[in-house]
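The two complexes that follow have subunit A in common; it is paired with subunit B in the first and with subunit C in the second.
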Partner chain A sequence: MALIANSLPVASLAEPGHFLLVNDRIAAPGEFILHHVLAASLKDSTAECVLVSFLERLDHWKAIQSKLGVTLETYATRKSFVFVDAFSQITMPPSSPRSQDPLVVPPIDPEASVPLRPLFDTIVGALRSVDPELPKLLLFDEVSLLEWLVPSQAEVTRFWRALFALKQKMGFGLVVLQSLDASHNHMIEFLLSSCTMHLEISPLASGRSSAVTGEIAMQRGPLSVSDGPSYKAVRKQALQYRLTESGAVWIERGTGGGML
Partner chain B sequence: MAMPPPAGTTTSPLATLLSPQPSNSRSSSSLPEVVLLQARLNTHLPLVRSLLRASLASKHHVLLVTFDVPGAFFSPLVEERVTLLDYSGLVLGYELDGAGKGDVTEEALAAARARAYLASRPQYQSLTPRAVPKGPATIALIGLDTFSQDATPVRAYTLVKALLSLLSTHPTSRLVLALSSGSPLAPLFISPSFSPDLTHLLPYPPSILQHLATNFLTLPPPFGPGQKFWALFTGAAERGEGVTPRTVRVEEGLLESRVRKRGRVHRELGGWKEVDVGPGAGACAWEELGGMQEMVNGLLRTGQVQASTATSDPTADLPFNLALTPAQSAARASVPLPYAHAGKPPPQGEIIYEPDSGDDVDDDDPDEDLDI
Partner chain C sequence: MSAFKRRVPASAHKVLPGVRPSALPPFHPLLSIGVPSFDDVLGGGLPLATSLLVMSPDLHSAWAHLIQKYFIAQGIRSGQDVCLIGEADEIDEILNGCMWVPPEDDNISGRPDSLTDDERDEAASGAVKIAWRYEGMKQFSTTVSHNASSSTCMLAFRLAMDSMLELLRAAGEYCSNFDLTRRIPLSVISEAKKSGQISTVPIDLNEAQAMISSALLAITEACDTHSTRAPKSTDRVLRIAVVIPSLLDVSSLPRLLPLVHNLRYQLRRSSATALITLPPNLCASSSQSSIGSAMIQLSDAVITLASDSLSPSTSHHGIVQLLKLPSLNSLVPPSDKLSTLRGLGQAAKGDGHHRGGGENNLAFRCKRRHFVIETLNLDVEGGVGERRTAPPAAVLLPSAPERSVDQDAEAPSSLVDVHAISKTTPSTSVETSERLASPKKPKAKRRVAFSDAGGIYDF
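Our next item is the complex of A and B:
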C-alpha cells in the first residue's frame, strides 16, 4: 500500500489493470494528487512512472517534486521516471518541423484518419523504455486538452480504448486527471465507466476558506473487482485537505486535525 | 420455467431471472429469452455477472462476448462451460503491428483503417455457430454500442439477429444484451419484430428517487399515485437528473423492469443489492436500498405524501367527530325550513313583461304568412 503523507491510504495503484480517475474542478485543482502519487511511487520504489504532461513543462514538475523531497533527475537517469512531453509540440500546426526526441509528442493533425495515433505511439515507446519486469504506472495530467484538439468524439474514445487495451496487455496502472469543468459530459462518463477507482475533488460548498482548500470523495469505479484493494480504500465521508508548501494535509471532516 | 413463487408473494422480474431453471422444463415456446440491460456508466455489470451465474447454475453453456469491458473483469466466472471472446483490444485505427510500433505514415494508416473496417467479419470469425455447443445456452454480448461505433449499427443488429436465430435451435436459451443509456441500438432491440417477449432492465442510482422526492414531492406507489410517479420518473431517468459521478454506486441500485410477455407490458420498480461477494447481485425491494427509508419517512412526516393511494378520507385521523349519528340525522330532517312552501308545490314561474316607450312590441306572429 503506497501511503500518501498524513494517512490518506491509496491502494497499490501500479497493480496491472488498475485505473484511478481523478476529477477536479477549476476552483479545486487536483494536480497535487498526481504529485503525491508520483512522489510516493518513486520514493518507495513501488513503481516506475511514465508521466504524460499536457499542461506543464518538466521544470514545473521538477520544482514541485523537489518540495516533496524527490529529485526527478536521479530517477530519470535510473530510468525509473520517464517524462513524455505532450506540451511543447502537440498544439503546433501539423506542418511545423518535428523534434527528433522520441519522448516529445509530434503535432496532432485533427484532419488525419487516426489523429491521436502519434500520441499513442510515443506513449508506447516511453513504456517500452522502462524495465519490463517492474510494475509501471502511467500518469496523465489534465486530459481535457485532447477533446479540444480533436473534434471527433469517436476518435478520442478510440484513443482511450486503445490505451485501456494496452494497459491490459502490458500490465500497468493508470492514473488520469480530468477536469469536470473543461471536459465534455460524454468524455467524463466514458472515463468514469471504465475506471476502477474514482476520486472527486471539489471546493467547499461554503466558499473559500483559509484553513481548508477543498474536499475529496473516493469511491469504487464500475470496473472494480469487489475483493480488490480499491474496495478497502473507499470511505463513507469525504476527506478534506489543505494545500501547503510541502504538499497536502488531510483533515477529517468536522475535526480540527491539521489546524489546531 | 421459473420455480413458482410461494403463495401470497410476488417475485420481481430480476428474481425470476436469477432463480435457477430446471434443465428439462417444458417451455411454452422455443424462442430464446431475451434480456436487454441498459444503464449509464457500466452500472449493469454486477447484474450481468449474476445473470451469467444463474445461467451456469441452470447448466447452460455460456458464450460471453465483450467488445469494451476487459475480459479479465469476468475471469471469476470462467469455467469449462464458459467461452469468453474478448474483443476489447480491437480498436479501429490502433492495431499494433507485429513489430509493436505502428506505422505512422498517412497511407499506412488509411490502409489499416480500411482493412479493419472491411474485414470486421474475419476479425470476429470466432463468433460462429461452432462457438455455441448444443444444449441449453446463454449468449451475452457486452458493449454492443462500442462495436456499432467501429463497424456500423446495421452490422451490430445483423450480428445479434443471427445469434438470436442460432439460439432458437436450442431448447432453453437466453440472450443477454448490454447497451448504454441512450443507445441508438435500443429501439431496434425493443421492437417486437426482434423478439415478441422481452425483459428490459434499467438500473439507476437511488439518488433519482431522492431528486423526485425533494423537488416534486413524489414517491413511487404505494406512497403516491402511480401515473404521476411514472411520468416524472421516466423523464428524469432519461435526462439523468439527480445523478452526479459521486452518486453512482456499484454495490446497489434501483432497477426498473419492463417485461413484455404475450403482448402485455408490465412495469415495476425494484432494487438490486450485492448480497455477498460470491453470488453477486440479488433482487430486493427499492425501499431496502440505502437512504430510501429515511427519504420516505421524511416525506410522510411532513404530511405532503399519504401512506396509501386509496382515496384518502380527510376526516379519518381527526380527534373530533364530523359525522352524524342516525338519531341526529333524523332530527335534522324533521326541522321545518322557514321559507319553504310547507307541503304545497311551489307556484309555476311566470314572466310579467311591461314594455316601455323604446320597445317595439308586436303581438302578431311574424311567421303567419310563411308557407313551407
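Our next item is the complex of A and C:
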C-alpha cells in the first residue's frame, strides 16, 4: 500500500494470481506504465520479469530502461529478465525461414487449426527458464494486434483462457497493455472481466498540453480478492501525469505538483 | 559559449547522403520529407527506421499523394534509393508527377540558403522604415521557411557540427527547394530507374491472397540490401513509398495490418524509412474504427491532412492533425522540444518550469510554388472577420434614450449588443415624441452600418 507520490506501487503486482490490465488510447499511450513496472520490479528485485513485446525490439526497451536507471543486460544474464520477441517473425509469411531462437515467436499462420499455439508455447518456455522459486511477472506490450492476426475472436479468447489457467498453475502475476481504440469491444470486456486491477489512461479532453500529458485512473478489478494486498490511494483529485524522458511525473489535477 | 561544444560521438552513424542527425541526443539520423515546415513539425525530419502514415480523408483532393511526391522527389534529389510499392498505374502517375527544383538551384548543388521566389520579392521591398521599438523583432511568420529549416539546430550545437554539415552538404542536400510549378525531368526518372535508384513493386489487385505476401517479400528484399548489420549493405538510405491502392475497399483493411506490422520490423533493422498513404475512402471510415486505430498504432508517426472542399476557407486549405509523432527509443517525441511550429518547446525554457501551454493549431496551404504547414491564427476579431457579408435583416441598433435621432444612422464603432434590443421597447415608452419614430417599427429592416465592409454578424 502506498500513496501515489512519485511512483507506482508495484510490490503487490507480482503476487501470484494478480492481473493488472492497463487500457490506453492512441492519444495517451500507456507504455510508460510497463516501463515503470519493469524498472521497479527489477531494481527492487521483487520479481523476475518476462516481457512479451509485439511492437518493439529489445533495443527500444533497453534504451528507455537505461533512462530509468536499469541496465537490462545485467538482469538478462542473471536470468531475472527474459525478453520474448513477438515482433520480428510474427507477421512474416508462414513459409519463411524460422529463427532457431526459442524466445522468438514463429510466424502466425491464420490457416492453422490453433494459430496462437506457437505463441503460447514460446511464453511457457520463457516462464520455465526463470527461477521457479521466485515470484514471476509476465508483461504484455500491446495485445490488440492479436485480434487482427487471427481470423476469429474465439482463437484469441482461447489463448487468454489458456494463459489464465497457466497463471493459476504456475503462479505468476500478469500485466497486460491493451489499447481501447485498437481492440474490439468484446475483447476489452473479456479482459476487463478477468482482471484484479484496472488502470485506465486517457488523454485530456482539451487536447495536448505541455504540462500534462494525460490522466490516469485505477480501480480494483472484478476478480480482486478483498482481503488480499490491494492498492489504495488517498487522493482528493484526479491523477494526471506528464511524460518526460525518464518516465512519468505524477500530478494531482488542479495542483501545481509537476510544475513548481 | 565558446568553451561549450557538444561532442558528437565519432561513431554516430556514418555520413549517409541526405541524412542529418537530430538535434537532441541520441542524435538519431533524420530524413527530410521535402517540405521544410513538415520537417519542423516532425522534429527536424523523419527519423530513420520509422514510418509515417499520411491520411487525407477528403474525397475530392489528393494531399497525401502530394506529400508522397515530395518524399520521392527529395529521395531522388538527395541521392537516396527509392522503392515505390502500390498499384502500377498509381505509382507511375505519382512518380511522373513529382515536383522538381527550379533550374537555378539545379546546377548549384547543396545551396540551401538561396532565397525562394516569394522571399526574394519580400526582400526587395523590405526597405520600409520600422519604428525603433519594433526594429529588434523578427518578422511575423506563421511557418518555417526553407532557409530557416536548414539551420534549426541550436547554435552551440552548430558550432561543433559545422564541419559535419559541410560534409553533409557535399554528400547530398538534406531538404531541397522544390517548386510546384516544375515537373521532374523524364531524363532524371529514366536515369534513376536504370541505375537502380528507383525501384517499383507493382501490386496486382486481382491476386487477393498473393498481393500482400508479394509486397512483404519485396519489402524484405529491399531492406535486406539496406540493412544496418549486413556486411554487404549499401551506403545509401532507402525510402519506401507505400501507396495503398485506392481501389481497395474497407473490408480488405484487416489484410493490410500484417503488412504494416512487418514493415515496421523491417524498417527497424535497416536504414530505411517508409511513407504510407491511405486513400480517402479508407481514411474516412478508419478514423474512428478500431481497424484504423490499429493501423495508427503500427505506424510511428501519423498525420491527417483534413481539408474540407465543401466549405473552403481563404486562409488555409485544411487542418493538420498530428495523431502520433515519431518517438524512436524514447517515451517523449523529440518534436515536442524541437518543433517551432507546434510551440510546445517554449514551455521548458527559462527557469525550467513547465507552463501549461497548449500547442498551436496547424493548418496547411498549397501556395503557388510551395506547400506549407503553418500555424492557424484566428483574426483580430476572433475569427469572424473572414465572413464579411451583409447583416441579417432583423438586427437593429439599440437606441439608447440619451442619444438623439440623428445619431442612430451613424454607427458607433463599438460592437452592437444584440441582446439590448429587447430592452429598448419598455424604456422608450416614456420618451419624447421624436424618438417614438424608431421604436414604432421594431422589426424594421435597418442596415447596420459599420465603418468597414459589411456586418460581421452572420448568425
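Definition applied: the second predicted complex is superposed on the first by the 244 of 260 C-alpha atoms of A that agree within 3 Å, B and C clash if a C-alpha of one lies under 4 Å from a C-alpha of the other, contacts with A are read in each partner's own complex, and residues count from 1 in each chain.
Please note the rule applied: a contact is a pair of C-beta atoms (placed from the backbone, for glycine too) under 8 Å apart; a residue touches a chain by one contact, two chains touch by 3 or more.
Everything quoted here is computed from the prediction, not taken from an experiment.
Chemist: Specify the outcome, clash or fit, for subunit B and subunit C once both structures are aligned onto subunit A.
Modeler: Superposition check on subunit A shows subunit B and subunit C fit without a clash.
Chemist: Between the centres of subunit B and subunit C, viewed from subunit A's Cα centre, what angle do you get? Round it to the nearest 10 degrees, please.
Modeler: Reported to the nearest 10, the angle reads 100 degrees.
Chemist: Quick one: classify A:193 as touching subunit B (first), subunit C (second), both or neither.
Modeler: The answer is first: A:193 touches subunit B but not subunit C.
Chemist: With the two structures laid over each other on chain A, which partner does A:162 touch: subunit B (first), subunit C (second), both, or neither?
Modeler: A:162: touches subunit B, not subunit C.
Chemist: Which partner does A:23 contact after superposing on A: first (subunit B), second (subunit C), both, neither?
Modeler: So A:23 only meets subunit B here.
Chemist: For A:154, select first, second, both or neither according to whether it touches subunit B, subunit C, the two together, or no partner.
Modeler: first
Chemist: Looking at A:120, would you say it contacts subunit B, subunit C, both, or neither? Reply first, second, both or neither.
Modeler: A:120 contacts subunit B only, not subunit C.
Chemist: Using only C-alpha atoms, work out how near subunit B sits to subunit C after the chain A superposition, in angstrom.
Modeler: In this superposition, no C-alpha atom of subunit B lies closer than 16 Å to one of subunit C.
Chemist: What part of subunit C is in contact with subunit A in the complex they form?
Modeler: Those in contact with subunit A are residues 26, 213, 216-217, 220, 254, 257-259, 261-262, 264-265, 268-269, 290-291, 293-294, 296-298, 323-324, 328-332, 336, 344, 347-348, 353-359.
Chemist: Flag every residue of subunit B that touches subunit A in the complex, lowest number first.
Modeler: 40-43, 45, 68-73, 76, 88-89, 91-94, 96, 100-102, 104, 106, 109-110, 112-113, 146, 149-150, 180, 245-246, 248-251, 274, 277
Chemist: Would you pull the subunit A residues touching subunit B in the complex into a rising list?
Modeler: 17, 23, 112-114, 117-118, 120-121, 124-125, 128, 154-155, 157-159, 161-162, 164-165, 168-169, 180, 188-189, 192-194, 198, 200, 217, 219-227
Chemist: Going by the contact rule at the top, pick out the subunit A residues touching subunit C in the complex.
Modeler: Where subunit A meets subunit C, its residues are 26-27, 31-32, 35, 55-57, 59-60, 63-64, 87-88, 90-93, 142, 144-145, 148-149, 179, 181-184, 206-212, 242-245, 247, 258-260.
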